[in-house]
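Down below are the structures I want you to see.
Next come two complexes, and both contain chain A; in the first it sits with chain B, in the second with chain C.
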Partner chain A sequence: MSGSLPIGALGRLAWRNLWRNYRRTLVMLLAIAVGVWAMIFMTALMRGMVDQMIEDGIAALPGYVQVHHPSYRDDPSIANRIPEPDAAFSAALDTPDVMAWTARVRVPAMVSSERDSRGVTLLGVDPAGEIALGFDTEDIVAGRWLDGPDDSGLVVGRKLLERLETDLGKRVVLMSQDPNNDIADRGFRVVGVYRASLPVLEETFVYAGKTRVQTMLGITAQVSEIAVSGRDYRNVDGLVAAVSAAADSEAEVVPWMELDSYLDSMLRVMDGFVLVWMVVVFVALSFGLVNTLMMAVFERIREFGLMQALGMKPRAIMFQVLLESLMLLTLGLLIGNILAVASVLPLSGGMDLGVVAEGMEMMGAAAVLYPALKTGDVLLANAVVIILGIVTSLLPAWRASRYRPVEAIAKT
Partner chain B sequence: MTLLLRMAWRNLWRHARRTWLTVTAMIFSNVLLVFMIALQFGTYDMMINNTLRAFSGHLQIQAEGYQENQRIRSSIPSIADLARDTRGALPSVGVSARAAAFALASSEERSYGIQVIGVEPEYEPTVSTLPGLLAHGRFLKDEMVPEIVIGAVMARNLKVTVGDEITLLGSGRDGSFAAAVMTVVGIFDTGMAEMDRSIAEVPLPFFQEVFAMQDHGHQVVMALNDLDALPAATAAVLPLADAREGLVALDWVALNPGLKQAIQADMSSAWFMYGVLIVLVAFSVLNTQLMSVLERTREFGVISALGVRPRRLAALVMLETTLMALLGLLIGLALGWLVTVYFHQAGFTYPGMEQAAERFNLPSRIYPSVTFSSILLGPSVVFGFCLLASIYPALRLLRLRPVDAMRTVA
Partner chain C sequence: MAEIKCVDLCKTYLQGDAEVRALDHVTLDIEPASFICLSGPSGSGKTTLLNAIGGLDELDSGAISIDGERVDRLDGGALADLRLRHIGFVFQSYNLIPVLSARENVEFVMQVQGLPARERSQKARDILREVGLEGMEDRRPAQLSGGQQQRVAVARAIVSQPKLVLADEPTANLDSTSADQLMRLFRDLNDTHGVTFMIATHDERVMRYAKRLIRMQDGKVIGDDLQRPIDR
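Entry: the complex of A and B
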């Protein structure tokens, strides 16, 4: 590979050549470092945003996989209900894939205070199950969370409370439809107020005890959905299989990707974006890289001729130029990676995007952005730069090895 | 000057390959910038227009505080008169009055909480695209009949079609019980799931009767033909709102804060990416020009020994960069324009965009906007940064000492 010279000597030659024109090398190093920094930094920000969108989205669904009556998703009425999970179901879900699961009654309803009315989604829940699935009692900003499935209280969002002009401890009336399509209504006392990362969620969901809601609707031991959470939201095939095996054969088992296709498309668009962004930055870099190497080769034509005349093989010359390029790239990558980590770390406590909070909400993202520095993305950035960098350096390196010794030495 | 120009031009082609490589870097980023910025502006225009024309309009008069909590009691008295006065003040603008309330809608088989909007059947089509998007039946005609127009998803959820009856249950403005039986006369399909699921429209006078509103309403909605006409329209509307107590005029930014902020958030990430591209091209220019100055140190020494002032030499280097940047600008503009015009005709789409598009009221194909400013903006910034990058190499020439320079071995 190294022709007539040992690799160590070639390496030393390449390293010294790199610093013969230190200004040029420094400018190029700076360019590579800025490029790599931008690749990683931007990706960390976007990833952080999308990750959180997906986590919040899954928390709002909730669960990675849900079980419904086959008609429920098209017609979310209490008419489309499934039996409450039994002991066999819970035994079947006792696998390492499953983190937690809960069953809930979920129906559209109208909530009225003395002052105003709003359309909401009424959730009849098992409070402990909701916590297991991700409901954080830290988010209760006033009052308390429900005690158990037969708690007679109601927990509403902060924004809804404001819109209804009601308060903690006051009564509100919930109206929904029972399976016979008669209006079912019932008064509830507001016992707790929660906050959510997206205000729209605070307006949509109201929580009540599961058995209370079942009584109100005139059903027993039946629910609208079973939500199951797992370990890795990117890979839910195993979970779907486990839940399908456990669930009633009539029921429909759907992963979050199908429940919220916007989230799923965001995840995939993001993966595509990361690669496109890195390649675009690299292409912008590559012109400078080729130019720098071309100049370095061009000004040393005589030298290359002399070396060949002294018996160095063309391959060794090509190797030497490639080595120069590799050193330049590696140094640039090193600085770029350090810069990226140094700029992401101070932001790990979250970037407050409060000024555009409502815009982020429209995209489905929260107002505080936590950059996510993923090993995979960092490796990808480094791989893109090294591999494409070597490919682009092939041309100058090849040219350097193609000069004919006599003509090259004669060149002024 | 012509001599300097000719020298600069010839100097550029002494290293043709190097010059072309640098110019190609400029072309690459220029084409990308032209296309991306045009696409971005095209998207924003569509987002704004589609969202505003669909329902909210560009400008509204509301009672103070209505926007925050949309309480039924925050209403405007004699709203029809106010709408008429507004129409008089703004003859070329669509103006219509509305009232809104939440109610439980029940069909034979299903019940859902929905938002009921009272509209002026005659004027509503001038402020909203919704009446024009009827998939079945017709829009509202008369003022006092119990007719209702609902969205396609709501119709599916309630299991009703044109001709079926819906019962509305809710509370009136005074807290009284409000109930009415309405006939579905039309079903609209906007393609925006949220609207198709939650909104129903009834005639305003009928709404006022059912919800005990007397002659009150909640919004006077105005839709303009062009966003640029907004300041003039706002100026004309403000005195009308001020003449009555407790009213405010809100423009689209106040009505849809999310829309403006989504655009801002998107813009800031886009500017960051463009900035990185531009900086990388500037580095490329800096390196090329620095090299071309360093390798000509002897030459410059000789020229200045012949009496040419350093400032002329600096001007020469700047001129070389200007010519190079101009070349990149012109070719980049031409190619970028071609690409943009192509997609302006054919539309642009990428996988996964459909879901995102629906969220922002966009069609699944986006047509970049080909305007003078959207095309010229990116390349002119690149041009500016390239010139900036050549300042350092040029400045070095001001410190050139002829004798030392002539001794330099290149």
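Entry: the complex of A and C
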């Protein structure tokens, strides 16, 4: 650029000017650093919370993608069933996108103890497949998990056991409808009790061996759903394609976003909220930034005039002020990023929310929060600060370039 | 070498309600390689005239040309270029960039001109030695006396051999020995390279070096005499 300094000399000039009033610069650096820290740290907490809510939500579905009879979602009765997956299906799902899959019978049922009865969702499962999809045997708080599809036992939630006023080892009766709309019922012994992140889940799902449930309903080699889990819940297009190719052409393949649109909208709202949060923090910062730069410019009116008198172009002066601002922002970002990483990493083992845990549970969140530091969020925070920071600095920089040299020099 | 023509320059300032005629129909013809002193009491319009010729200030009316180019018609960017390539300035006050050392201040203009680093720094050292600041190259303005600062400004004004040097009270902060040294340096550049000098001053010592002495008062030229300057 003619009429300007070479970039090295400009940089040196900007750097020295930055430290001319080092106290003011330090205060501003601190403000930027704390602002960036707040952007990243709070985002990591919110992300952690939402991630967990979504992961829990997906675990309760379960799976990232499910295969059903086309009418199943309108009427989840056993009438709407699909063939149990065969060897060809398993071979087709042997791709890197797929982490695990399992087939399950899933029907509304009534469970009765000698004291009480409740409506539940009966799951006829392959116990190993459930574990592959995310069921954690650590959550079995009494008794045992099912042994296999032939297990004649029943695993129920802690809360349901309370409601039914029954106990481990006792028998309960499950009642549902078979494909001919006739009552199908069968006695099961309670062999295990599980806990879930939410009480409502403990009350809803009861697990039994798949073949036992199939026998009870009078069906063979048929299931209600196939659940498939993948690697990245934010990106399930590949998974949907792989599963669609493998599944029966009449079956319906649905990703989790459609199975639970509330979860999906939560994720979207969160993405929007992160950006809003960052911009809000930046706006708070920007007042300080503009003020600092304006002060720095007003102090140096004569200097800018002198530079112009010596032949430096106005836009080169503007560029110099912008460079100063960029240095300030970059330094503040550096410190802020280090602070953010340093404060999130020690919490990666989880933050016990203790006293507020009950309130969080009501919102559908767990009691332990795992902050999630996402590269994308960190980049976004940095981009917001740099881009909006430069935009904000345009005004002071423009002012600096507008002084007429003679007026500037005449000021004494 | 620069030939300057000023035709009917007028400039009024408003001071409160009063109008001050800083330049009142000034017409001047300045031949190439002139060595001119502008003298006159404080407030007579010397600074205003120098600033107008250097394109730092706008006029109310009149025309200024340097080597045939109408300075008063150039836009900001072209004026900046003109100053950068052809005019050296020494201002009455506030001449230096505070965060740069003496050498960096002298190099500043050459940097903006785009001279290579080695050439710049050699020229800066040489000229600083010539104005008597050897050994002080790395001092910041705040670490220099008023006279030393003035000499840095002079060094910067002449280092890239402009065709015109506009100096406003360049000896204001100098003792008489330094003032004499400086004027000899100016005359040397004028005699050997034909650089045109216009020096505003009310310092009698300075006027003795002038080949042409222009007297101003109340914004008017009241005297314009060729004189036989003392030898340098």
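Some notes on this structure:
As a convention for this text, the second predicted complex is superposed on the first by the 390 of 412 C-alpha atoms of A that agree within 3 Å, B and C clash if a C-alpha of one lies under 4 Å from a C-alpha of the other, contacts with A are read in each partner's own complex, and residues count from 1 in each chain.
Here is the rule we go by: contacts are C-beta pairs under 8 Å (C-beta built on N, C-alpha and C of every residue); 3 or more make two chains touch, one makes a residue touch a chain.
Note that the coordinates shown come from a computational prediction; the quantities given were computed from them, not determined experimentally.
Once the two complexes are laid over each other on the shared chain, residue contacts for A:M307 go to chain C alone; chain B is not touched. Between chain B and chain C, it is B that contacts the larger number of residues in chain A. After overlaying the two complexes on the shared chain, residue contacts for A:D86 are found with neither chain B nor chain C. By the touch criterion stated above, A:A9 is placed in contact with chain C alone, chain B being left untouched.
Applying the stated contact rule after C-alpha superposition, one finds that A:Q177 touches chain B and leaves chain C untouched. By the touch criterion stated above, A:D352 is placed in contact with neither chain B nor chain C. Of the two partner chains, chain C is the only one touched by A:V406; chain B is not. In the superposed pair of complexes, A:L45 makes contact with chain B only, with no contact to chain C. Chain A makes touch with chain B in their complex at residues 21, 23-24, 27-28, 30-31, 34-35, 38, 42, 45-46, 74-77, 79, 108-112, 114-120, 162-163, 165, 175-177, 181, 183, 261-262, 264-266, 268-269, 272, 277, 280-281, 283-285, 287-288, 290-292, 294-295, 298-299, 353, 355-364.
For chain B in complex with chain A, the residues that touch the partner chain are 15, 17-18, 21-22, 24-25, 28-29, 32, 69-73, 101-104, 106, 108-115, 156-157, 159, 169-171, 175, 198, 257-266, 269, 272-273, 276-277, 279-281, 283-284, 286-288, 290-291, 294-295, 350-356, 358-360.
Per the touch definition, chain C reaches chain A in the complex via residues 51, 54, 56-57, 76-77, 80-85, 89, 91, 93-100, 108-109, 111-114, 156.
By the touch rule above, chain A contacts chain C in their complex via residues 2-6, 9, 13, 16-17, 20, 302-303, 306-314, 316, 404-406, 409, 412.
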